[in-house]
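Pasting the structures in now, so scroll down.
Two complexes follow with chain A in common, the first pairing it with chain B and the second with chain C.
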Partner chain A sequence: MQKRKGFLYYFVRNRNGMIGLAGVLLIVLVGTIGPLFIPKPEGYTMDILLAPSSEHWLGTDNVGLDIFAEIVWGARTSLYVSILAMLIAGVIGIPLGLICGYTHGILADIIDALIDIFMTLPMLPLMIIMAAVMGTSITNVALILGIFSWPQLARVTKNQTLKIREQQYIEAASCLGISKGSILFKHVLINTSGPVFVNMTLVMASAVLTEASLSFLGLGDPTTWSWGTILKRAWSQNAVISNPNPWWWWLMPSLCVVIYVVCFNLLGTALNDCLNPKGRE
Partner chain B sequence: MPDSEALLRVEHLSKFFPVKKHRLFEEQSYVHAVEDVSFSVNAGETLGIVGESGSGKSTLARTILALTPSTSGDVYYQGEKITDFKVGHAEQKRLRSQMQMIFQDPYASLNPKLKIGDAISEPMLANGQASSRAEAEKKTRELLEVVGLRPEVFDRYPHEFSGGQRQRIGIVRALAVNPKLMFCDESVSALDVSVQAQVLNLFNSLKNEFNLTYVFIGHDLSVVRYISDRILVMYLGKVMEITGYDQLFSEKTHPYTQALVSAIPEPSTAPRKNRIILEGDIPSAVNPPKGCRFCQRCFKAMPECSEVEPEMREVEPGHFVRCHLYDPKEANER
Partner chain C sequence: MTRYVLRRLGRGLLTIFVSVTLVFFIVRAMPSDPVSLMISPQMSKAAQEQLMHTYGLDQPLLTQYVLYMKELLIGNMGISFAKRIPVTELIASRLPYTLVLLAVVMLIVCAIGIPLGVYAATHKGKLADRIISVLVTVGISIFIPFMAFLLLYIFAFRLKVLPTGGAYTPPMKEGMAFVADVARHIVLPALALAITNFANAVLYTRNSMIDVMHEDYIRTARAKGADEKRVVHKHALNNALIPTVTVIGMQIGIMVGGATVTETVFSWPGIGRLIYDSVNALDYPTLQGTFLVMAVAVVIMSFIVDLVVARLDPRIKLGD
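The block that comes next holds the complex of A and B.
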């Protein structure tokens, strides 16, 4: 019996993947544990627009709130939104993709058409309208992101399913009297997991980006901190163009968004390379 | 050939695949994968099915097992009509466990992400051969030992095994649901010759131990005749000959069978004089030749052969041939 080098062997040797994983773990740590130690920034103080110092690591904003605290609380929002959006997209997209790829007939055609329609829709304007109608809460934002992200997962799942459906072990399973449901949600699903998993991390990355856009446009939750909310406040006070410029106020949250997206993308790409034997170089 | 004793009886079974149309008003054409095939398998025997690639052997097995719907014809199992498994749910379950298939490619027929033990236990639980996980595991470990694998195999993944070992795992998976009739679809052709012999011997010993009936499909007559009691020769979707093992070398066989027999390698240094080498390839099954399917490549072809399709005729007891050479009137003239 030969023992082949597994996924982990390649993954721990993938530099980009390790950087991505470290970044993601840091964000998760900050987002979950940070708010326990740092009180929620509320109200106002006299320390307005202070540059980064040992007391205020990332400076303060125009009402004297600590930017570092805002970013830590914003990380929690970002995590919450992206995980919820990913779960919603997964719960809708994966089963639809499986059914669309495995069955022939009218149902598969309808799902296929739905995926195409959703993928061609102009996302941002529709999200703005939905957010305006549904009201601004962080859960609503996650819900909207999930509703608009599922076609991506459905398409990946469908393409994988189309490939796996023709494999002999699927025919063997039906010959052995295993039910259609079990074939689809066990035998097919476990073989689609790699690419689908990768795309779920990418959904998480784009969810944060879109959440920041919506918050920046004033469609986020005004009662919670998010990186987009910080940016919006900075923008509305002309922080980006004023002189002298409180650069820490707008630069820090922007950097956070960039780091978050880059880390998740690095992780996703590395997972893709390591799960796919051809990408293991 | 109605036979009340038969375990499996196939009557005029056909399977056509539609060809994709390129123009809107083009007439729909079909691949005649299996056409008007009739035969029966008696309990306890091994029926070999031979033919070149593309002669419809695998499609025949898949159609009988309802893995692909039939176009016309009927299949009877223990006297009951089971065409396309259009029977009640409980009956379907029984059929699924009683008729099993060993697949050609041992690398493709095992799910790479499922542990061996799970792959074998799941069908047992689904079909009621085991009522609990523990029972299924116990049975699986026993069966693994029967085919010569260590029971520790249970917790391993398919990629850790060689082709021969995987084929044994496939055999255990099929055996686990207590089958009576086993279809072996080119089950050894993907294996090394030395491993082929091991697996063939395993098939033979399992036959006695589990009272199995085999339908053994292959393109290699030397392998198929080793294990078969009777042999069915297919060419381009049609049965050309059904013969007992002994009659395979008789004078009255189909020219195609003669060519297949002459191609069997012999462990001898003497030069062979009478090896028949067929010209060309198997024709397209979309527009099969008029008359005899084999007429274009037959070395004994007569003018009549490309005009009229020959009927199946019993030339000796239990020996059926589809060839004009053995037409009664021809025989009288000769």
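The block that comes next holds the complex of A and C.
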């Protein structure tokens, strides 16, 4: 209990962490509750390319749809994709990292080599191909992101496990005759959780970046809104360089992506600093 | 040393092999059929089969794979489905553009990013350092289209000083006029692409400089009366650069193919754009070729990084 109290003590006093947490909570709120109140923008209206006003907070696009509504629905997509991608990466990466760090043998070597190779592969182009292969739905995008994000988690888990493996309490547990699986999941896993948790928030941040890039390139889900999809539509209408310029159309969704990623990165960095006694000053 | 080179070579070949194999089977799992894009319904059945045969698409998957690997060993990457020219030629015509773009990005990163990181580290906690830290946090989180749109809006739309896309204004000019034209076109894509790496360079240089400045040998150097400039630039920076070099080096390798978004926004005719077009055109041989080039680039870069790091840090012996 002592350690946990210490963590919270430092965390609530970390300004960047608090800003990040507030941002993340706001995004979660908008993404989960927003779509309940704001109907999904569909079809077209006559209010084409209106500037932001009290009626359309962030203006409208070239078919007269409200951009604020599109962004709210986009937040839902971003949340869904990043959470699912993070869970998939965790389910694959954490056990592999544990095995790789705790055991010696061919299996550990193979996992190690796999992590190395996956970390050096060019991710975005591979994901573009995968998205073209699997077809465009947000679940597929999340699957692809998860499949390509696990090596990062596996490596962190492995490095933590390597450290913990040498600790005396693990040796003690082993002497008591506790089975290997039980040691791994009850004793090692719990103690790797700090850095692994931090990395999961970072995986969520990069998942949103990649999802937005994929849907910007036209490989997103055409049946739902994503920040990348809004940008793709704006881009295909030359919104950035057309006169008069509908700046709200291209600026707002891309700003959302940046804010989302900055908030998750701030939160991750703050968690890291507070979990690590060295970074607490 | 020989053992080290052999082991690196083995790892490198394995990476390339896995990458090529993975891409070979993934592209063939695409739901649409490239032949249906190439042929028109008016073609006779025999002509269609002839076309399938020319591209080897009538063979079983494994046979295709073995054939492809055999041809690859003698340097033949096949014929592009979309452009009907050898993939080698197609990639050779695109690669210079990507490499030039990368070179400019690296110039920005090394000439400005590293000095800025050193500056932030030597002024730790001061206002300048805090401002730099905020910018870096935003920089590492940047969404490339956001950066690209802002740059386009300011420099191409508002100020009208730079072109909106492409690598040159047609018709293609000769000699120095062409170089000047490309130089004008490269500014915006290079800036958009540089941001993330720039922020990483500043971040890693700053953090490792701060760590290194606490080392005993820095205190020794100061105690010997070496002036501060010399301590920072000669003693500290040499060691502090190791993480920066590692991160930036690996990024270069990945970016040889990873600039897809930037190259698409700015219609830059490089490898990233080629990948995007090839996915849309179901151009298997070109996709495989681009991935081969990327894998080779990554392997070469990680080798170069090792050599540079070993040179910066004499304690690292490549033989072990």
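Just so it is clear, the second predicted complex is superposed on the first by the 276 of 281 C-alpha atoms of A that agree within 3 Å, B and C clash if a C-alpha of one lies under 4 Å from a C-alpha of the other, contacts with A are read in each partner's own complex, and residues count from 1 in each chain.
Just so it is clear, a residue touches a chain if its C-beta (ideal position, glycine included) is under 8 Å from a C-beta of that chain, and two chains touch if they have at least 3 such contacts.
Note that the structure is predicted; figures quoted are calculated from it, not measured.
*Asks:* Following superposition onto chain A, is the placement of chain B relative to chain C best described as a clash or a fit?
*Replies:* Here chain B and chain C can both sit on chain A without a clash.
*Asks:* Is A:A22 touching the first partner chain B, the second partner chain C, both, or neither of them?
*Replies:* In the superposition, A:A22 contacts neither chain B nor chain C.
*Asks:* Please work out whether A:A173 is in contact with chain B alone, chain C alone, both, or neither, and reply first, second, both or neither.
*Replies:* Touch status of A:A173: first partner only.
*Asks:* Identify the partner contact of A:W235: answer first if only chain B is touched, second if only chain C is, both if each is, neither if none is.
*Replies:* The answer is second: A:W235 touches chain C but not chain B.
*Asks:* On the superposed three-chain arrangement, identify whether chain B or chain C touches more chain A residues.
*Replies:* Residues of chain A touched, chain B against chain C: more for C.
*Asks:* Does chain B (first) or chain C (second) touch A:L121, or do both, or does neither?
*Replies:* A:L121: touches chain C, not chain B.
*Asks:* Using the superposed model, give me the angle at chain A's CA centre between the CA centres of chain B and chain C, as a multiple of 10 °.
*Replies:* For this superposition the angle at chain A equals 100 degrees.
*Asks:* Go through the superposed model and pick first if A:H187 touches only chain B, second if only chain C, both, or neither.
*Replies:* Touch partner of A:H187: chain B, not chain C.
*Asks:* Based on the superposed arrangement, let me know which partner A:S213 touches: chain B (first), chain C (second), both, or neither?
*Replies:* second
*Asks:* Please state the minimum Cα-Cα separation between chain B and chain C in the superposed model, rounded to the nearest whole Å.
*Replies:* Taking the overlay as described at the top, chain B lies 8 Å from chain C at its nearest C-alpha.
*Asks:* Do chain B and chain C land on any of the same chain A residues, and which?
*Replies:* none
*Asks:* Would you mind writing out the residues of chain B in touch with chain A in their complex?
*Replies:* 62, 65, 67, 92-93, 96-97, 100-101, 103-105, 108-114, 122-123, 126-127, 156, 159-161, 165, 170, 173-174, 177
*Asks:* Write out the stretch or stretches of chain A touching chain B in their complex.
*Replies:* Residues in contact with chain B: 1-4, 167-169, 171-179, 182, 187, 190-191, 193.
*Asks:* Touching residues of chain A toward chain C in the complex: what are they?
*Replies:* Answer in residue numbers: 16, 113, 116-117, 120-126, 128-130, 132-133, 135, 205, 209, 212-213, 216-217, 231, 235, 240-241, 243, 245, 247, 250-251, 254-255, 257-258, 261-262, 265-266, 269.
*Asks:* State the interface residues of chain C toward chain A in the complex, per the touch definition above.
*Replies:* 11, 14-15, 18-19, 22-23, 26-27, 29-31, 137-138, 140-146, 149, 152-153, 156-157, 164, 250, 253-254, 256-258, 260-261, 264-265, 272, 275-276, 279, 287, 290-291, 294-295, 298-299, 302
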